[in-house]
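Each of the next two complexes has chain A plus one more chain, namely chain B in the first and chain C in the second.
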Partner chain A sequence: MNAPIHTPRETPPTSQVPDPQRLTRGYWYWRAKRQRWSLLIEKRALVVNTVLLMVLVLCSLASLAFGTLSIPMPDVLLTLQGEGTSMHTFVIEELRWPRLLAGGLAGAAFALAGCLMQTLARNRLATPGIIGIDNAATAFAVASVVGTGISLAPPAMALTGAAVATALAFGLAGATGTRGYRFIIAGLAIGAISGALTQVMLSSVALDDANAAYPWTVGSLNARAPNSVHALTIGLAVSYVLSLFLNRALATLQLPEAVTTSLGTHPGRVRLMGLILSVLLTGLAVSVAGPVGLIALLAPELARTVSRPGSIPLTASFLAGAILMVVSDLAGRLVLAPLEIPVGIVTALAGSPYLLWILLRKSPDINR
Partner chain B sequence: MNQTVTMANTQTSATPLSAKHLVMAHGSHTVIPQLDVALPAGQVTAIVGPNGCGKSTLLNGLARIHKPRQGTIVLNGADIHKQPAREVARKLALLPQDNSAPEGLTVTDLIRFGRHPHQSWLSQWSDEDQHAVESALRAADVGDLADRPLDTLSGGQRQRAWVAMSIAQETPLLLLDEPTSALDLGHQIEVFELIRALAHQGKTIAMVVHDLASACRYADHIVAMLGGEIISEGPPSDVITTNLIEQLYGVTCDLMQDPTSGSPMLFNIRRARC
Partner chain C sequence: MKAKRHYIITWSLLLLVCLTSLLFGAGTLEIKQAFAVLTGQGSAEARFVVMELRLPRLAIGTITGLALGVAGALLQTLTRNPLAEPGLLGVSAGSAFAVSLAILFGASTATLTTLVSQAGALAGCALVIAATRIQGVGQDPVRLVLAGATLTALLLSLTSLLMLIDQRAADEIRFWITGSIAGKSWDQLTATLPTMLLAGAIVIGAVKPLASLALGERVAIGLGHRPGLIRLMVIIAVALLVGGATALAGPLVFVGLVVPFVARALGGADIRKTLWLCLPIGPAIIIAADTLSRLLVVPSEMPLGVITALIGAPVLMLIIRARRIPTL
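Let's look at the complex of A and B:
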């Protein structure tokens, strides 16, 4: 005979279930009457994203107004409505607007790529800049600029470089994949080798060619390759939408691997999709702005600190990345005017102390 | 009538989850050379055995966390790896040993994750979700902790929150890997009683347990593993013998019946002289 089965405890649980409204506190939700359709919207994310969007608009206006020629804000607004003087129209529409657009889009792409990669690797340090994807993309782009006989356009070359570096890091990481330190260490090495290759290429070509390729090596909005902004715009739009669809699955990646699987998500597939998106974004962003990789570390970190714990701040990272890039470029243009500090150097100067702070303050593992 | 033993040995449709000719390996190291097992429906099965005997590997295999080298895991009559991941996640939940969570995540946030397989882009928070989370909070007795971040809780409270997440998944099958490790006696009993209550509601439960006494007391069916093989299975009073305990752990002991529950109790435990 079996041992007697114990009856469940008779006493009612001591703690009370909170009032049902409390379960959805911090959210707006809507349910359709008949169908199963329902929406759950996080209030905090909505507020954060709205504020970030407003900040971005303000920074963009500042970026259009300030420079070697300062344009008063009312004139900037007039010019944007098509009623400015021909001088203002030229400066804003021909010089500053394309540069603003390129910077904002590249910053957003870097940040989105960083947020995706941090999430799928479950490590704050795992950003495209640190994995060496930026450097490899740069090396490939420089190879096409200095004319080593490869005739692909820089954006295509940068994408190829990004993909090659990621595949290498992934391959070298072995069974652990994008999780754990092997991926990061492999990436660091690939980044260092790519950086060295870029220098070798620059030192072995004529001075003029090397000068033409210089902005690529530090990260600057001065040397945008033709059509690269168009490619970035399309790539960013597609990747952003896809990453939003991936958001629910990405959130479960924060839990232990076995739980992710138990909840019906294929961790491997989600990681692969996230990795492809972040490689695409990084390659396209590098082809516009060069290796401004710190944005990919700073912006998602900033977004995380203002977002609800446990959520993946894709939109907030996107906006924060654009803001950081626009502000860095503006600062680079203003601080030593008329000299211009490349945006990559500004972010390195401002971002490195922040990186140190992150490293010293808490473990890079997203789960404490 | 109790048909535990016969049910375990036949592959009737009453078995919601079973393994056929299962071979599990980590790399080149074979952990489970060949194994057949079936979980009796509506009962609590405890998997016991010494460290490294393949208990957790078996549980992870059953929960399709690791793919078997050979053999099949059959969930409701079909190969688990051929069923859509979401469908499986509505039938089977696993609570692993590793329960790290993002910093700042609250108990409710965690339990909400349990609803993931029931939600989609068009259905983000249904009435069912609401009810499931409410009743999980109640069942695991964590209603008072609903808004607390997990990292501010004690080990026992945190474990109850994780159990609540599994309950919110509302699966007829629940697999738990050492659900009471790192808990003090009071919290252990709390979790075990919760598991019994869930079985009472009709869930089929399998758990890896280190403590043989608790396994005897709270499980209907014991699966004893050694070296990746099942060396004995059945109701606790049939399976647990001094012989088996010496075989499993290399200790000798005496057994008596718990006067209140009738389950076997171990005492006078000492190392076996070889």
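Let's look at the complex of A and C:
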């Protein structure tokens, strides 16, 4: 009675049988004996990340060598092996190495947070710096420094601020969602309010308190408490590993929601986890470097241009962020020497023209 | 009838705000003493505080509010974008950068500062108009604002760079850049007056053609106007107003957004009605914000720009979160 709606083909097409050679082109793969675990490494990512790592090492060496006192490269290497002169040892180990470490880690954290947030908001401009999360973290940290009766330590307050601003930005997204420009403008307003609140606090307290809070308000690698660098190191390591586990689920977020769900991913849960990671990273990075938000846009962009289209370049963003931060800091120290340009101004000067270029192109697709 | 009520309410509100601004302050002067000065009595000290400290502030606040409100309304009608605000789009930042550059090269007279500031604002306006001409950006109100905010960030970081280079200039720029109308003298006000009056004359001449331009370019041509000329006149007026206001009070963001927003909410989209309503609303908002900035953190003062940002940013959110952004 019932006529078949479509006639099945006599022979299954050959492409239904996966050809292992074709599927794994561009990858190295390894599979455990019982086939429960396998490892798939993308060749291009490996090459890109190795190159980025080498660039990072070179930039770091340059950052150790150049400054008010230039140290020749062989001496830098000797000092790193523990055989330098006492002055070189002092300059490198006491002054430049902590700064390099703080800058590199903060840059990596900003970039990783930016990459995660871009991916889960599916919006290229949705990075912590642009939607005001940096500013909110700064405002909360300043509130703690100037003593408004809140007893949490500044880094913890920075984290709280980042969380509040993120909740506000994504919570208010509501019907219009996080794609498109409106989400970004709403974030801009959150940033403006936070910045104004910071000013209110700075202008309402005694000068000494205001001076103590000042380093928080400019993006600079000067005068950081060592324990916030330690917190950043641990937080960054944990978040990086967790985000690698999240990578596969994040990749499926790019598909329509129904497809994501049918692939066994819970979209809401993945977004929440990604957001928590990026809040953690942003808060910790702000507590080390202040609001240097444009790194979170620039580094993932850079990483995406060198990575395979469609992939989520977490590691490449991580490395690119560290490179950008180290280079910006180095440029800030050298260009107007002996004056030092805060790293936040360097990144703003370098990053804003790029952002303008994204915005003014004929058909910019900011949605991912 | 309804329109008349709006005018009565807004003007009486302005009067009330002005009175409050004269009576309340951060100092130890009592309200009774300040009131005595207004009725022609009062001690010499009270006279000094009210007449020499608070009155210039009131006057400067009035001029700044007028200029920014009218400039915002004009720019929004011209770009057909309810979010086009001189502060957000980088016009104020352009004049702030120009002024910082002038201070760096040793300028300190008020007249020169005003002219430099207006030139910077004109450059900023030119950039905005150029951006609206680019296919895509001009049609998308939100994208234009984002580009403007980026331009603002770029110019402000260039200004910070200038401040780093010259410490003397930095001290002069630092207070001014956050926006404040405190401690200004009558000289600074009179220095901006001629160009402000010129801008006012241009606005009066251009408002009717601009209203017809709002109906579409062809309608304007059909009514005997020249769109290119109207645009040029409006841009020059906006540059003169914003540049003058920035020279007086520093770059104030969000004022040009909030004032026309309120005016349109009261009086509808007609640019002529909007401008009439901007006249009382602009000064009222600035003066109220300035009075607040004096009272909130007694005995010190808060920059005026902070208060305007706290008022304006939520309004921006309100507009952006509306289901449909109204086009002009």
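A few comments on the model shown:
Definition applied: the second predicted complex is superposed on the first by the 318 of 368 C-alpha atoms of A that agree within 3 Å, B and C clash if a C-alpha of one lies under 4 Å from a C-alpha of the other, contacts with A are read in each partner's own complex, and residues count from 1 in each chain.
The rule is simple: a contact is a pair of C-beta atoms (placed from the backbone, for glycine too) under 8 Å apart; a residue touches a chain by one contact, two chains touch by 3 or more.
Computed from a predicted structure; not experimentally measured.
The larger set of touched chain A residues comes from B, when the choice is between chain B and chain C.
Of the two partner chains placed around the shared chain by superposition, neither chain B nor chain C is touched by A:Q81. Of the two partner chains placed around the shared chain by superposition, chain C is the only one that A:L349 touches, whereas chain B remains out of contact. In the superposition on chain A, contact is made by A:L172 with chain C only, not with chain B. After overlaying the two complexes on the shared chain, residue contacts for A:L188 are found with chain C alone; chain B is out of touch. In the superposition on chain A, the residues of chain A contacted by chain B and by chain C overlap at 175.
Against chain C, in their complex, chain A makes its touches with residues 125, 172, 174-176, 180-182, 184-186, 188-190, 192-193, 195-197, 199-200, 203-204, 336, 339, 341, 344-345, 348-349, 352-353, 355-356, 359-364. Residues 83, 131, 134-137, 140, 142-143, 145-147, 149-151, 153-154, 157-158, 160-161, 164-165, 178, 253-254, 296-297, 300-303, 305-307, 309-310, 312-314, 316-317, 320-321, 323, 325 of chain C are the ones touching chain A in the complex. Touching chain B in their complex are the following residues of chain A: 1-9, 13-18, 20, 22-25, 27, 29, 31, 36-40, 175, 245, 248, 251-252, 254-259, 261-266, 309-310, 366-368. Only residues 2, 4, 27, 60, 63-65, 85-90, 92-96, 98-106, 108-109, 113-114, 116-117, 119, 121-127, 130, 133-134, 137-139, 141-147, 149, 151, 169, 193, 196-197, 200, 216-218, 220, 235-237, 261-264 of chain B touch chain A when the two sit together in their complex.
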